[in-house]
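Quick one: this structure, given as structure tokens, is what I'll be asking you about.
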């Protein structure tokens, strides 16, 4: 829907709109801007995270551009980003399947059931995944070994998914199987709920099959939600590092195979206390995110 | 209870002190509470509260509290962050203890240690509280930790006949390798002789590196402070005076480590402690190196399943064809771990009480009792550890660490390249080439060139004050004669020397000058 | 073969609303049935059940002889125009219309041709690239119609497809739908509330009320022979006038005694109702059967009354006159020739064309004269 | 909506969901099993039930976490409410109107969402010190709301933009002020997404760890996430009580979920707008 | 005081569609203006601009003398029935209707009273607790109307408010709206495509086409004196017949020469067009002005022609006959008295009532006879 245009001369009657923005902006101004701007500010400094800061101009950026490790970290995150595009699919499918349950009560139950795992603490998730990948006791090898997949790939009987440089990215991709992001599912669902049932009915009469309904009706009509989830995913993947930190350690595993920019930033800021450099990485990362978000917002559009 | 007593009618407001640490496991808090309780009996107007901070957030917590000037009075030191960072913290935020360590601990009155200086009551002369580079005491350790190799005696016994071999466990590295082979052979696939994690591997590296490269000490301790700091060992590596490819001892160290890695789980350097415990406790591994802090819990978990035994990490005998020539001896276990060390923050309004409390907790009687409760090793020399912990008693004789491969700023490179080498993916030369490439790329930012450049300029100063200091510390006869008199003046000079050494990093200068000034003003 | 048969079909909505009750209906193959009835009587529900969009609570629906109760909508070969259009909001007008064809894998140029033809017909050609929300109400409705007619299914269901169109366009569309019907020979069910549409379009018209089917017949039959007061009142606009009264028999004559005047029944009616003499009945007469005496085709003095004109509504081609009898609380509406020129408040002499009158039982509301032959309208 | 559905489709749908549910529920099984174990049992047989069952773990867990639950509930509820309320207000403005400087303000807000914030902790701590919000749950809630609202704002704006404008127009003609339009039009019709965001924010605050850890000094103010670490020592984790405690602390969340899931209403726009 | 004035109002939609062009319109305080026009001509857009929902691209709108271009909708004191209902899906029927009153802080029992009254009027009482999606199309539309009428604003805007209702209910509603209008004395603008509604309801009727206002006049004036072919063809159903031809002057007489027959113009027309002799014109005549000779009020032999009946549509009260002249490609429609009984294919003698004929310039489509007095319809 195009938004209503309020012109300058209308402000006489529309000024209360600005009032509605005040609480939001006030909190942001109070708590968000100083930290964010200090991040930008300190990216031009050699800064230890405390009061000692030496202005060094663009040296941090200069260094960042010459830092092969940072370059590699962007490649890693690029691969993860592409993988995550595919990892969005199960959420969409799940949302659609839930949505298509005809009984209101069952749909409620399913939604609830799917939401419940959100309470699973991070620590338990990590525990499970660590043991999933464990070379000797782990489930992954236990499943793959009898299937002959390990031999086929030439990985030996006990590949260390988190301990071998070449296996780290595959492990990070497998991570989270079956890749159902619950918040994503809910966002899709609330988009799906808004599709009038008459559109479905019409599609049914037009002879749209279950697959066609997905591609022709549901997917285009939840484009807004896909866009939202894409943005969340972009932010999550590019800024995120918690999972890699616990799985692989602060260095991102052997050869830094899992070193993503966020983790590198964390490492620089907290392990090495080169907070200025971390801020500079943050700024670069920020530009990449902005560009991706922009592309996403421009090209993923509801066609209404 | 911390809430109690605060508002009690008619009672004087209590002085409240806070002590922060990350030992959240059961027993520690209670033990500490017990000591606190004892102390409060003596000093009814003081209340000490524990702040328990989980390991996960500890460093960030300390960081922000220190920067925000909201830190509690006493903080447990050493977790997270690099040694350089902590050094900076000490210099900037913590109270030097030098003037107290040479006085007796008042709470030792009436014991054998009555007249002994506080420093000397420690089994290691309080080295665990000493910051070599700053040549200052900052921390008060309350415990000691040592590293041992735990093993499943039943499993080892099956292949290692004590009667035949004479010892229940291999004494030399050669025998140890043999044992690993035997175990592997007997247990087959899905078994590894040594369970390990990144956590324990760091400690193994320390043991063997020290054992094989102790000979470098004299060559590398360029500032004569008695230890080889990371900068001191990074400088020659960087300048090429110490070439990892050429130095036989270094090569031997890494090759030995690779051999051990073969008997460890694949990718052990990326594994967590829990996974290592699982392998060991589920008898998929026969041995696991870890510290004394794990003893009680491992004992408890192994009970009824197998016999848990403890040995020292075996070193290669001098006859070992490959490593023998380099082995000097085991590493010293003095100050190997921070060992529950507390430092007093400068922002504390009650630093004197904090110090008093720490002295109380490190007195012979209470330190023994405290560690008894915690199931840890006491830090005071005369204190008796629990019987079960006998095998862990720290061995003070031994060699100090010399070559440190992780220089400031290159730790990441080291951790990237080492596992790949250990996994046997490529040979030693490739490993060195790769590591040195990033080492050279990253080190310049960390002040090493400046260190090298300024070395000579500052060396004289350093030497002079260093020797004075050491003389004073060791109470050498006639030291007083050399002293310039005013200890504050003396301390400032030392700090300035350090500052000069790092002069190129202006913010550091700021720190050290500030520190020195503070110290001066205190007088 | 696609006759549509409803056997005792009922629909109860989850809330307990009985929308359709025990409806039996047969729509012959290739015929067009118009479904009319007051708002909320269950027309849309009936269509939706035929389309398979609504579960059938009770009864059976057959299409082409096949029981379709459990057949999915897409397998019923049906096109439907929804009352609320139900356009795909994310597709252009063109795509909305082409979609059904595309799914059925028609050739690209065949689709193009059909859509262009339909657009032409519906005057949508300049709008093909618009999206539904950029359309006016009538345009959207035409797209909905277009979407149905590009397909050539066995059964068409139209739910008030022309309600938002202006008269002219509506006539045009109606003609096109009739032509389409002829061309394709498809079975059609057409819901409308427009009398003209119902009358001109339907081979047969079904009247519903409160979920019950009232009468199914040809338009003229419905008009001339309503089975009950409801149908009589519903068909025709303005509706049939009802005057409550009694029947009185005097010799061979039967008279209807209204509150203000009495009317003589012609023989045909008289014989049908003579044994009901003395009973209360409703006398029904259509507005066009009340004439201004000046322009009346024939004037029976017995049935000429003088009544005051309360309201006069000139409609161009004719004039509606609301006549108020003293003790009647409802106006009697007459549809006068446009040449007649009554004034408000004027007393007018009107002639009741008794050959076209109806009598209904006041209790059951059933027609008493249903079986008798009225003078034909045509 | 009640229309016939093919039985095969039904079976497929349900079995898909059950498989997915089984996979996502696996951690619960593991938590439950572990919650009855001593550490000894856990390290020997982590994944299957072993006897005897140690119910006392639950008692320990309850004792440990019960003191924190109220804090967490207060913190999460306050932060969630604040962030949702202010985000809805702002999202209404951005989603419905193009006001002068609106795009600029929007960009300025949204960019914060995109800005990686690893090095922000210390400046934030400084701000809170300045504002005297240290050691205060309200302060934490405000900070949580300030950060959390941005994502809510972004999501809500997109949803409001997609709403049929007739609803707003109708309300405006009826004389609804902006606030009334928000209350009577936006909130009821965005129930699904608002409840999703509520869950997101609530869970986020519930699990927030570093900031409470750093800013709260009094142990009696700590929220659950920090309190739970009491069971997670540096050298020895108390697996059994820990898992039991996780279970216990999940209960308020599940209640919240069950409640908010009701705001998903199917086909809400149906019959309301023709076209 | 709430007259509504539009001064040179235009609306261009973002996509560039010019929906309304330079419209000048004045609706007097308390009067009811009916807005008609073909689908998509800009009626809804005009209403929406008056309501303040759509930005005015150009021109000014005044309500009660106040320039409202920048006044918020809620400050215009307006109620509107949306063409697409726009009911709040999350509110019951009752709440939907009460909403506007609640916002204006009416007392609870006042709200209750008004809503109950409206529900009674609109026959919605049993549905008050339903939600919009449980309503039939017509019911939903009535709720939309109810929502507007419970409020008593200065200006009512109705956008095709009765399109989904059956004839009977529609008549009823129409009467109610008229009564409401009288009672409240509010200004109303009423969009409809129902001729009868337009004719009966409107004090004045405005005809739009393609965004341009064509004519604003009383219903009868529009019917009798259309300014151009569009209005002539748009008002009236079936529409006016147009026959293209030439004017021929022979002495004092002026004749219209059609392709198949010629007609003699009566003096009144003749004098208006005599200087146009030889020019091509369209001759326009309404269906009801073509009579079956048998029932014609008067028969002028000059203007009696024999034409073949192509289609016969009996409508009950009257019969439509589509007459096909040999060289004409469009049928000429005649509306016969219902007593006349033509058969398809039969040649019929029809009488053209020339006193009520119109002549239009074929190029500009403007009426040539607009100023002349036609015989009054009433």
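Each chain carries a letter (A, B, C, D and E) given by its place in the written order, and its residues are counted from 1.
In this section, contacts are C-beta pairs under 8 Å (C-beta built on N, C-alpha and C of every residue); 3 or more make two chains touch, one makes a residue touch a chain.
Here the structure is a predicted model, which means the values were calculated and not measured.
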item: Distance-maximising chain from chain E - centres being C-alpha averages; value: B
item: Between the pairs D-E and A-E, the one where more C-beta pairs touch; value: D-E
item: Separation of mean Cα positions, chain B and chain A [Å, integer]; value: 39
item: Averaged-CA centre spacing for the pair chain E and chain C, given as whole angstrom; value: 22
item: Between chain D and chain C, distance of the C-alpha-averaged centres to the nearest whole Å; value: 56
item: Two or more partner chains touched - positions in chain C; value: 52-53, 72-73, 83-84, 87, 132-133, 135, 137
item: Shared interface positions of chain A, touching two or more other chains; value: 1, 4-5, 49-50, 127, 131, 196, 198, 201, 204, 270, 302, 304
item: Shared interface positions of chain D, touching two or more other chains; value: 2-3, 46, 122, 126, 164, 177, 232, 265, 267-271, 273-275
item: In the complex with chain C, residue positions of chain A that touch it; value: 1, 196, 198-199, 201-209, 212, 216-217, 220-221, 223, 302-304
item: Touching residues (chain side chain A, partner chain B) in the complex; value: 46, 48-54, 63, 68-69, 127, 130-131, 134-137, 156-165, 248-249, 251-256, 267, 270-274
item: For the chain D and chain B complex, residues of the former touching the latter; value: 39-40, 43-44, 46, 121-122, 125-126, 129, 134, 209-210, 213-214, 217, 219-220, 226, 229-238
item: Of chain A, residues touching chain D in the complex; value: 1, 3-8, 11, 14, 16-18, 20-21, 23-25, 27-28, 30-36, 38-39, 42, 49-50, 90, 93-94, 97-102, 104, 107-108, 110-125, 127-128, 131, 177-178, 180, 183, 186-187, 189-191, 193-198, 200-201, 204, 210, 224-225, 227-228, 231-232, 235, 238-239, 261-262, 265-266, 269-270, 275, 278-279, 282, 285-286, 289-290, 293, 302, 304
item: Touching residues on chain E, where the partner in the complex is chain A; value: 14, 55, 70-72, 75
